[in-house]
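In what comes next, chain A is part of two complexes: it sits with chain B in the first one and with chain C in the second one.
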Partner chain A sequence: MTTFTADVYQNEFLALGATDVDAVVTVSASGAAPAEAPAGAAEIVIIDASGSMVHPSTKLKAAKRATAAAIDAIRDGVAFGVIRGTDLARAVYAPDGALVPATDETRAQAKAAVDDILASGGTAIGTWLLLARDLFERTDAGLRHAILLTDGQNQHETVEELESALAACQGVFQCDCRGVGTDWEVAELRRVASALLGSVDIIAQPDDMAADFRAMTERSMAKGTADVALRLWTPQGADVRYVKQVAPAIVDLTDRATPLDARIADYPTGAWGDEERDYHVSIRVVAREAGDEVLAGRLSLVVDGQVITQALVRAVWTDDPELSTRINPEVAHYTGQAELAEVIQEGLEARRSGDEATATFKLGRAVQLATEGGNEGTLQLLDRVLEVDDPATGTVRLKRHVEEVDEMSLDTRSTKTVRIHGTSP
Partner chain B sequence: MTATCPAGHVSTTTDYCDQCGARIGSAEPAHVPPDTSATSPSPVSAPCPRCGVPRTGRDRYCESCGLDFTATASASAWAVTVGPDREYFTRTAAEGLDFPYDESARTIALDGARVRIGRRRPPGEDGPEIELGDPAVSRLHATLVNAADGSWAVVDEGSSNGTTINAQADPIAPHVEVPLSEGDRVHVGAWTTITLALRSRAA
Partner chain C sequence: MSGEVALRCPACEAPLLADDRFCEACGAAVATASADAGDACRTCGAPATARGPDGYCTVCGVRELAGARRVELDLTVAAAVSEQGRTHRRNEDAFCLEVVGAGVVAVVCDGISTAASGDAAARAAADSAAAALSRPLDEGADLRTATAAAVLTAHEAVHRVPATTKNALALPSCTLVSAACRDGEVVVGWVGDSRAYWLTAGDERQLTVDDSWATEQVADGLMSAEEALADRRAHAITRWVGADAPPEAPQLTVLAPAAPGRLVLCTDGLWNEAPGPGDIGSLIADLEPDATPAAIAHHLVDAAMARGARDDVTVAVIDIRPPGGRAP
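Take a look at the complex of A and B:
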């Protein structure tokens, strides 16, 4: 039985006339991990087999090994399949057009089928996702997870086609995305991952792929509770400015709201194992008199239509500046983490368009924020594209020569956050 | 249980007003995901194996080309030519493979109810009837199926890279019989084309 707890971190005191209430909510789940094979789980590996996957040939070979490693990590009884993606999608392993429960025999059959995969043709990620959706929908599994690997841009379909595929897949399954090499588009894959509540990362070296695929599958196997929603009630006259997951990575959920009535909306959070995640909620309320208190938000978690825990975000107006100017450390930390992701993406964009002044300024700010936030991993990545003169003030120079893989790693991992004491959740 | 907030709202929550949020002290709709089920394709009836014109009733001879259906039902009426196909190889644009110029086509008589097409097995292991060295052919790639009227159809067995017919761009759906006529070309793997031929009636 899964237990969720939610803790709120905020400074509830607002100056007179102030309207914006910010809070960080830490949600932790325990007892969510399945002891045995998760009944009703399904897993699909989508492997890019476009012609470029054999340039160099190590890419496709590594992808096949990685897919085999993922298949080996699928627990007995979990329904699974493999899709070969080119400008078409093909179920390489889904006997009789359906996912099959994992056994030693089916795992071996699937690995043999993967081994046969030939690289040819183009890339149309939307069609791959739609086939995965069809296969998932033929199962009664509640926990549905896919791994998508690509090495190139989505050239064989339009942005609209991809968007309509994403809309059709949202809520049907979650998908972790990986890009191998440097010919894929970070923003494009980030869009796919965030729409399907998954992670995105770069695999710089084909040889690293197998360990990563195994780890992703193991994480997926550790999920025990599907389709958890974050429900937010706000009072009359209030506006939700944003709802973001801020740890382990930034995922903006604001536009994903499903309104239940004028004051209540549900935000999807996907499947949970035993884990902690942090959310930053920002609500604009109507200002009140000194001493007035209102509830700015009531957050709860909803599993199978049951509300299982709740947390209160409060607002108290005061004329005491001592109280209203206090900075809540959690809110400040995650405000910095969100800005960090933003300035990295904007800085790299400016660098690509040749605007060195903006790039230097934005990436300098990124160094400063990463130093303050304790983002060790991000600092190392920044170090590969910058000469850092003074991290505290963000004084930096752009390196003349930057490896493309370093720039893409920085971009891809910009949304990865650390928690307040510098640890990963 | 309800409470009344300082502003006079009746609230179902008793800690704070469920309307204006004022301090004082839930019903949840069910959320059911939509269910869509898959449909399976319907079978296709076999046309004349030689010219493709639909067969009417239980006619012995084809209305169009005069083929004697009873004659074709006998064993060895049909054969396939199997070999590397340069044009198909160029079309698939299989990366990282070289075309096997030294491999020539062979003719295999079709016998029995099912003729399997698949990857060549190591010596000593039982393989499919049509064994191929093509690296992009799956272990069991496709099966040629002899229909009751003596004509042949092909079924893709869920192969990794698919089966196409007559240079079409889209592969056929797996596990669905696709009727074949004389001269139809079945493409598998990176370069292999299998052409269906009607042998001389004298054979």
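Take a look at the complex of A and C:
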């Protein structure tokens, strides 16, 4: 049985008249026991087999090796399958149209089927996801996870078709997305990953793919509790400004609320293993008088309809500016991390559209924020697209020649955050 | 009950009926309803059942602790009354009063409201200090040593009070004034600006010297008492009980009266409304000379409330009779 705890970090003191209450909530899960019920889990690997995957041919070969590595990491008894995606979706391994429990024999059969995949045709990601959904829905598994690999843009269906597929898949399974090469679109894949509560990353070198697929599968196998929701109660007259996961990566959950009544809503967080995640909650409440204390939010975690832990977000009004102006370090850190992701994406967008002044300003600010926040990895990526003159003030110049893969890596990883003090707040 | 103030269990959020004392879904205790309309939420008017066990209204979120507006205890030789101030949402004062053999132990604390959990800090300090005083009092030990030790115990108890949020700079804290009374000897100890007074027929003497900004300014000759009290920093206390305060020994004063009288312990909610010399005594000038400690405590609290007490008011009154002396 997984145990959850929630800790709140905030400055609960508000100046008179102030209405916005910000808090960082760290949720820790421990004691996840995935081994108890392998039949409760299901895994699907979706690989892009569009014509471009053989240009160069190393891409498809690497994708096959990576899929084999993922299959090897699936625990005995976990239902699994493999989908070949082009402008159509086809289950290359799902005998009799169903996922099968992993055994040495079924793993060998699946790897043989993967080895026979030929590349031809286009890209229709929504179609691939809908087939995965059908296969998942035919199992009893509660923990459902997919890995999606693509090398190109979603050219063979409309944005509306993709959105409607995503809506149909939300809450059915989670999906980690990977882009290989530089012909895919970061924003598009990020949209798919965030809708399906998964990660997104770039695989710069096809040879790195197998290790990444194995790691993703192992992480998925370590999950013990499916469909955990963050429940937020707010008082009458309050507005939830936003609810975001802010570590390990930024995922805005605000629009994912399922209201239970006027004051309570559930936000999906997906499946949990032994891990810690941080959430930033911002609530606008009715201002009250000096000395008044209000419960601005009651956060709890809901597993199988059971409320299992609670954390309180409070507001206390004071006329003492020394209290109300105090900066909570956790809230400040994650406010900076969210701005960092924003200015990287906006800076790169400006650069692509030829607006060098905006690009220089935004990416300069990114260097400053990444320096303050201790985002070593992001700084290294920024260094490949910028000449950094002074990281403290964000004085930078755009590099004349930038490798496409460096720009895409920076964009893709912009939402990855570091935790305050490096580990946990 | 209208649909607008739908009640939910504070523990699991299952729907509740107005009269539910326990949640049907999870069994959690729910604050009980009362026919007294005064128990409804003072902010949004939701019934008492809407208030969670942690004191927050489940409709508007405003915190107000149930049943703590006025607390009274009458032990005949001693009595105490505590009432929530008019502008407070909960009473952050606490007292503990015990008769131990022929002696009396009293502790009055005022939770610091700009810190987290001031009410819990005051409660913990009053209970732990009184418990630490009662045994030495019973065993005939030195009351000055016992009082200093009891205040250290209170520091430790407040240290263990969990702040509701992890806010490193606003740790739970409170003031404390204690009295250990045995065989006509009284030892008063204090930290902060809660006070002790000695009242005899027609006379009043303040036994404590506030650990406060105003008192220090006056003591250092920097301001007159009027100027200091008019300053916004007047009530800033310079010593307190809590994790972020150095656990210094309390200030002590020893009283061995020749004639009977009444010892009064109080929080600043009372003396704010009666700030001048002799003001406390004049508040009870109307009472009969043989009024009980309970009558005096009621009278003082009522007078402070009638003067519009913004802060919580707590008063403990103890009859002190020198050995062989007559009743006051």
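Criterion: the second predicted complex is superposed on the first by the 417 of 425 C-alpha atoms of A that agree within 3 Å, B and C clash if a C-alpha of one lies under 4 Å from a C-alpha of the other, contacts with A are read in each partner's own complex, and residues count from 1 in each chain.
Heads up, the rule we're going with is that a residue touches a chain if its C-beta (ideal position, glycine included) is under 8 Å from a C-beta of that chain, and two chains touch if they have at least 3 such contacts.
Remember, it's a predicted structure, so these values are computed and weren't measured experimentally.
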Quiz item: Based on the superposition on chain A, does the combination of chain B and chain C result in a clash or a fit?
Solution: clash
Quiz prompt | Touched partner set for A:A94, first chain B, second chain C, both or neither | solution = first
Self-check item: Chain touching more of chain A, residue-wise (chain B, chain C)
Solution: B
Quiz item: Can A:A113 be said to touch chain B (first), chain C (second), both, or neither?
Solution: first
Practice problem: Please work out whether A:R284 is in contact with chain B alone, chain C alone, both, or neither, and reply first, second, both or neither. | Solution: neither
Quiz item: Is A:D7 contacted by the first partner chain B, the second partner chain C, both or neither?
Solution: second
Exercise. Scan A:A296 for contacts with chain B and chain C and give back first, second, both or neither.
Key: both
Quiz item: In the superposed arrangement, does A:W233 touch chain B (first), chain C (second), both or neither?
Solution: both
Quiz item: First (chain B), second (chain C), both or neither: which does A:S52 touch?
Solution: first
Practice problem: Would you check which partner chain A:R214 touches, where first means chain B only, second means chain C only, and both and neither mean what they say? | Solution: neither
Self-check item: chain B versus chain C as contact partner of A:E137, first or second or both or neither
Solution: first
Quiz prompt | Single chain C stretch clashing with chain B - from 40-48, 112-120 or 184-192 | solution = 40-48
Quiz item: Of all the chain A residues, which ones make contact with chain B and with chain C?
Solution: 233-238, 260, 263, 285, 292-296, 298, 306-307, 312
Exercise. Enumerate the contact residues on chain B facing chain A in the complex.
Key: 13, 15-23, 26, 28-31, 33, 35-38, 92-97, 119, 135-139, 158-162, 170-171, 174-175, 189-190
Practice problem: State the interface residues of chain A toward chain B in the complex, per the touch definition above. | Solution: 49, 51-55, 57, 60, 84, 88, 90-97, 112-114, 116-121, 134, 137-138, 171-172, 227, 229, 233-238, 260, 263, 266, 285, 292-296, 298, 302, 305-307, 312, 315
Practice problem: Please give the residue numbers of chain C that touch chain A in the complex, ascending. | Solution: 6, 8, 11-13, 26, 43-44, 54, 56-63, 87-90, 113-114, 116, 164-167, 169-170
Self-check item: Residues of chain A touching chain C in the complex
Solution: 7-13, 23, 231, 233-238, 260-261, 263-264, 285-286, 288-289, 291-296, 298, 300, 306-307, 310, 312, 314, 318, 320, 323, 326, 328
